[in-house]
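Across the two complexes that follow, subunit A remains constant while its partner is subunit B and subsequently subunit C.
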Partner chain A sequence: MSPAGQVRDWLDERFGWDDLVAFIRHKTVPLHRYSYWYYLGGITLFLFTLQVVTGILLLLYYRPTPSDAFGSVQYIMTQVHFGWLIRSIHSWGANLMIFTAFAHMFSVAFFKAYRKPRELTWLSGIILLFLVLGFGFSGYLLPWNTLAFFATTVGTNLIGQVPLAGPWLLTFLRGGADVTGATLGRFFAFHVALLPGLATAFLLTHLLLVQRFGISVPPSLEPAWQAKPPAEREIRFFPNFMLRELMAWYLALGALGTLAALRPWGLGTKADPFASAPAGIRPEWYFMFMFETLKLIPARVGFMTGEALGVLVFGLAAVAWTLLPFLDRGGTGRKRRWAAGAVVFALGYVVGMTLYGYLVMAK
Partner chain B sequence: MEARVDSTQITDAWWRAPAALAGYLFLLALVLGMAAPTTARAQAAKNSCLDCHSQLPPPLQVKPEEYNQSIHAEKGLTCVSCHGGDATKADMTAAMSAAAGFRGHVNRTGIPKLCASCHANATYMRGFDPSLPTDQYSKYLTSVHGHLLAKGDTNVAVCTDCHGVHDVRSPSDPRSSVYPLNVPGTCARCHANAETMKAYKIPTDQYASYTASVHYEDLVKNGDLSAPTCVTCHGAHGATPPGVSSVVNVCSTCHVFQAQLFDKSPHARAFLAAGLPGCVTCHSNHRILQPTDAFLGTGKGSVCVNCHAPGDPGYTAAAQIHSSLTALQASIDRSSAILARAGSSGMEVGPAELELSGARDDLTKARVGVHNFSAPAVEKETQAGMGVAQKTYQAGVAALAERDYRRKGLGISLGVIVLVVVSLWLLIRSIESRNSLEAKK
Partner chain C sequence: MREDKSNPTQNPERRRFLEVLLGTGIVASLVSFFYPVIRYLIPPPSTDLGSNTVLAATVGELGINAGKIFRFGDHPALLVRMADGNYSAFSAVCTHLGCTVEYRPDLREIWCPCHNGKYDLHGRNISGPPPRPLTEFQVNVQGKDIYVSRTAAT
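Entry: the complex of A and B
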């Protein structure tokens, strides 16, 4: 027997390798005109893996103190071999991952893939999205540059507006009253320890649930899809779907490389906590719709400050969005359509307010 | 039916009337007691001067809102403090009687002395502001204004001309006529007035010249309140034009290094011998423009050629100094441009830009060093900067080369990625066509 065969036998004897291979061979993915949306989850997973790898490489040189953080990132970008590439891929990859995570979420929402029995799949996915946003928020501060410093000050101020728990959350996140070295230390700990741990746990849960309940077919296509013979309505996960997914990953890698080489992620200037905030302070694009909304709310609405009201409304909206599978109980007519309307509104609002924010900034 | 009187009602009734009376009396006493000191205070604070003078036409008019916002009102001084009299008397004759110490209108010649009665009294002034100087009057007596006033010229400036009369404000109050931003305008009220200055036969273009100067630009456009105004060079209360020999001393209060170098230079002795004022000969006095490298050398706009002719050593040194400075400036510009190009391509050039600021420092030092008029000394400073500028230029070249290398790398990587994607596509097609054949069988 060949050495490869011997290894396979060894694995099969202990872990049931042949059963696993048989399972993968029989696993299928629905085939219809919207199947390409299924690749978004895989691309997000690929980008997450890339973030882990590049993040570990950055950790070799990064120093999370106010005196060293900026210099260490500058060192990575100018002195370390391919440090610029690693840092740029990490920064661009984070943005691309958040984009694909959002796109994945909206595709799931549009196709009503959250319906019974996939409520927990949706729930774990939404938690993953919040964790990814947490990665973005905590990672943004780590280079300790001017823009990040003041954007974090503004961002944490908003968290301080959360009713009841706001002041406590603010102090917990900042490690004091202001954004200081204590904040940097905490954000670093969240970014490289707490969030990766939680994300790994929820990612495994999410993948397990996807595996357990399979991939959903959009309700509008389901009757026609069911009517087709099995060979026409499904493709094998391995190798057919997996190879296509691999193509998507390569294309994502190409896009990332292009961005990193042509538009390396900038570093700006070192943060000076005693300097006044520069003009044009803004959050990253994925928080822009919330930031712009809060700016439009009057300073005081009834007994609440405008910011507190905005944070409360966004909080309630996030809870409602998370509970979408439990609120959308199916039915016919209007009952069936309200959820689709809510998804269209949510997407329109997020995209519209983000564009509006950038248009206002450009003026 | 006979009304029945309760024993408790009888018991209550006997004290109710006197208690009510006592209560009323107590309240009355309380009200009067509270009112009494208020009335006394009101009488003490009463200012009968303003009652009338607020209603009178100019020049006897005093606007209460102006007086009330003055530093004197803020510190509790009243009309009586300067004019005497008794402001508590409602009757005009009694209020302005000689018996009440009324001094009335203060003549211009008496104003400095009147102000000095408080402002030259260190013990008295300490009660308001221990850090406030009390030498204004003694300085004023040494000033041109003070000398002329002593000779009986009442057209010269006295305290009230610059500080105001009833609306005197602290110099730190932006509304004050002696707030740094307002000082040039205050002096110009007289010194830019040809009619007023006619008798003194002095020019009136100082203000116009000053407003074109770098000092004015710094004061007004940059909002630097420490920038020189008229009083910085001429003195405030002891205002006097600096003489030929003391000009350098005036400028050196701020431009210390330039003055030290000039003092050791051959120009110091030559200028003194020729009766030329130090700094002013090259930089002018009021129209002190932003100095440029064109001030030096032998070209158009050079001040050196005003004295030096071709062939003399000074002419040659001027050309060399100009050449050193412009060469360093050009080198810095070249480095700055290439770093900007690399930066706009996304290259991290922060450390090189920081290093280049060292060359800019060398250029500044060289420009200061110009004031000893030694070509070798200036060249020594510029050479240090040239080295830094050259190094940062190389950093810019390297950054652009790195950018091109990355782009080539990207091209190759994209080529590989496209190749892999196409191969995957072909592999998928091959697998699926094989599957389809197997299914047909």
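Entry: the complex of A and C
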């Protein structure tokens, strides 16, 4: 017997290797005209692993103190071999990952894949989205540049507007009353220890649930899809789907490499907590829709400040969005349509306000 | 399995060609991914080489038969004032496993506390595990200042 065969037998005796292989061989993915949306979750997963790898590489040189942080990132960008590439891929990859996570979530929402029995898959996915936004928010501060410093001041201030828990949250996030070196230390700990741990746990849960319930077919396509013979309506996960997914990953990596090479991520100027804020302070694009909304609300509405009202409304909207599978239980006619309307409204609002922020307000 | 006219298994040469193409592509990709990462792992040479001369001490700071550790670039160095009042200076990095050595007035030797290595006052390894002598530096007294410089000759 060949050495490879012996290793296989050894593993089979202990772990039931052959059962595992048979299981992977039997797994299938539905094939229909919207199948390409299924690649988005996998691309997000790939970008996440890429973030882990480039993040570990950045950790080799990064120093999380107010005096050293900016200089260490500058050192990475200018002195370390290919440091500019690693950091640019980390920054661009973060943005691309948040984009694909949003796209994945909206595709799931449109295809109603969150419905029974996949409520918990949706729930774990929403938690992952919040974690990813937490990664973005905490990572943004780490280079300790002026823009990040003031964006974090504004962002944490807004979190401080949360009714009741606000002041406590503010102190917890900042590690004090103001954004200081203590904040940088905390954000660093969140970014490289707390969030990765949580994200890994929820990612495994998410994948396990996807595995358990299989991949959903959009209800609108389901009757026609069911009518087809199995050979035409699904492809094998391994190797057929996996190879296509790998091609998608390869394309994503190519896009990232191109962006990083042609548009290396900027660094700005070192933050000075005692200088006045520069004009045009704004958050990363994925917080833009909330930022613009808050600016449109009047300073005082009834007994609340405008910010508190905005934060409260967004909080309630996030809760409703999280509970979507429990609010939309299927059914027919009008009942079925309100959920689709809500998803269209949510997407329209997020895209619309983001564009408004960049095209109208930026001028 | 359905019959497929374009199936490369029915055309061994074409299959071989495609395999080579795919393999070359994958290998080239992997090289282009890992080359930057491996280069990244090795930090660029330190820019803080320090000057070739450093102010080690001032006259009167060291009594007869005494030693002082001072910083020379990125590494510690040792200035010794010998019994005859002359100065000598050495790298303070033990040639065995890199501990910092010290001057022992009682032995009139340079001693490494980690593994009991000993050097004489010319930096020569005379006892214990050190495999090589300590690098000796040049000492110049200018007025009240004692300067230590790297010497090309050993």
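Assume the second predicted complex is superposed on the first by the 361 of 363 C-alpha atoms of A that agree within 3 Å, B and C clash if a C-alpha of one lies under 4 Å from a C-alpha of the other, contacts with A are read in each partner's own complex, and residues count from 1 in each chain.
Methods note: a contact is a pair of C-beta atoms (placed from the backbone, for glycine too) under 8 Å apart; a residue touches a chain by one contact, two chains touch by 3 or more.
Since this is a predicted model, take the numbers as computed values, not measurements.
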{"item": "Touched partner set for A:L57, first subunit B, second subunit C, both or neither", "value": "second"}
{"item": "First (subunit B), second (subunit C), both or neither touched by A:G181", "value": "neither"}
{"item": "Partner, of subunit C and subunit B, that touches more residues belonging to subunit A", "value": "B"}
{"item": "Which of subunit B and subunit C A:I86 touches, first, second, both or neither", "value": "second"}
{"item": "Touching partner for A:L267 - first (subunit B), second (subunit C), both, neither", "value": "first"}
{"item": "Common ground on subunit A, meaning residues reached by subunit C in one complex and by subunit B in the other", "value": "85, 250, 253"}
{"item": "Subunit A to subunit B touching residues, read off their complex", "value": "74, 77-78, 84-85, 231, 239-240, 243-244, 246-247, 250-251, 253-254, 257-258, 261-264, 266-267, 269"}
{"item": "Footprint of subunit C on subunit A - complex, ascending", "value": "57, 60-61, 79-83, 85-86, 250, 253"}
{"item": "Subunit C to subunit A touching residues, read off their complex", "value": "29, 33, 36-37, 39-44, 47"}
{"item": "Subunit A partner contacts - residues on subunit B that touch it in the complex", "value": "346-348, 350-351, 406-407, 409-410, 413-414, 417-418, 420-421, 424-425, 427-428, 431-432, 439"}
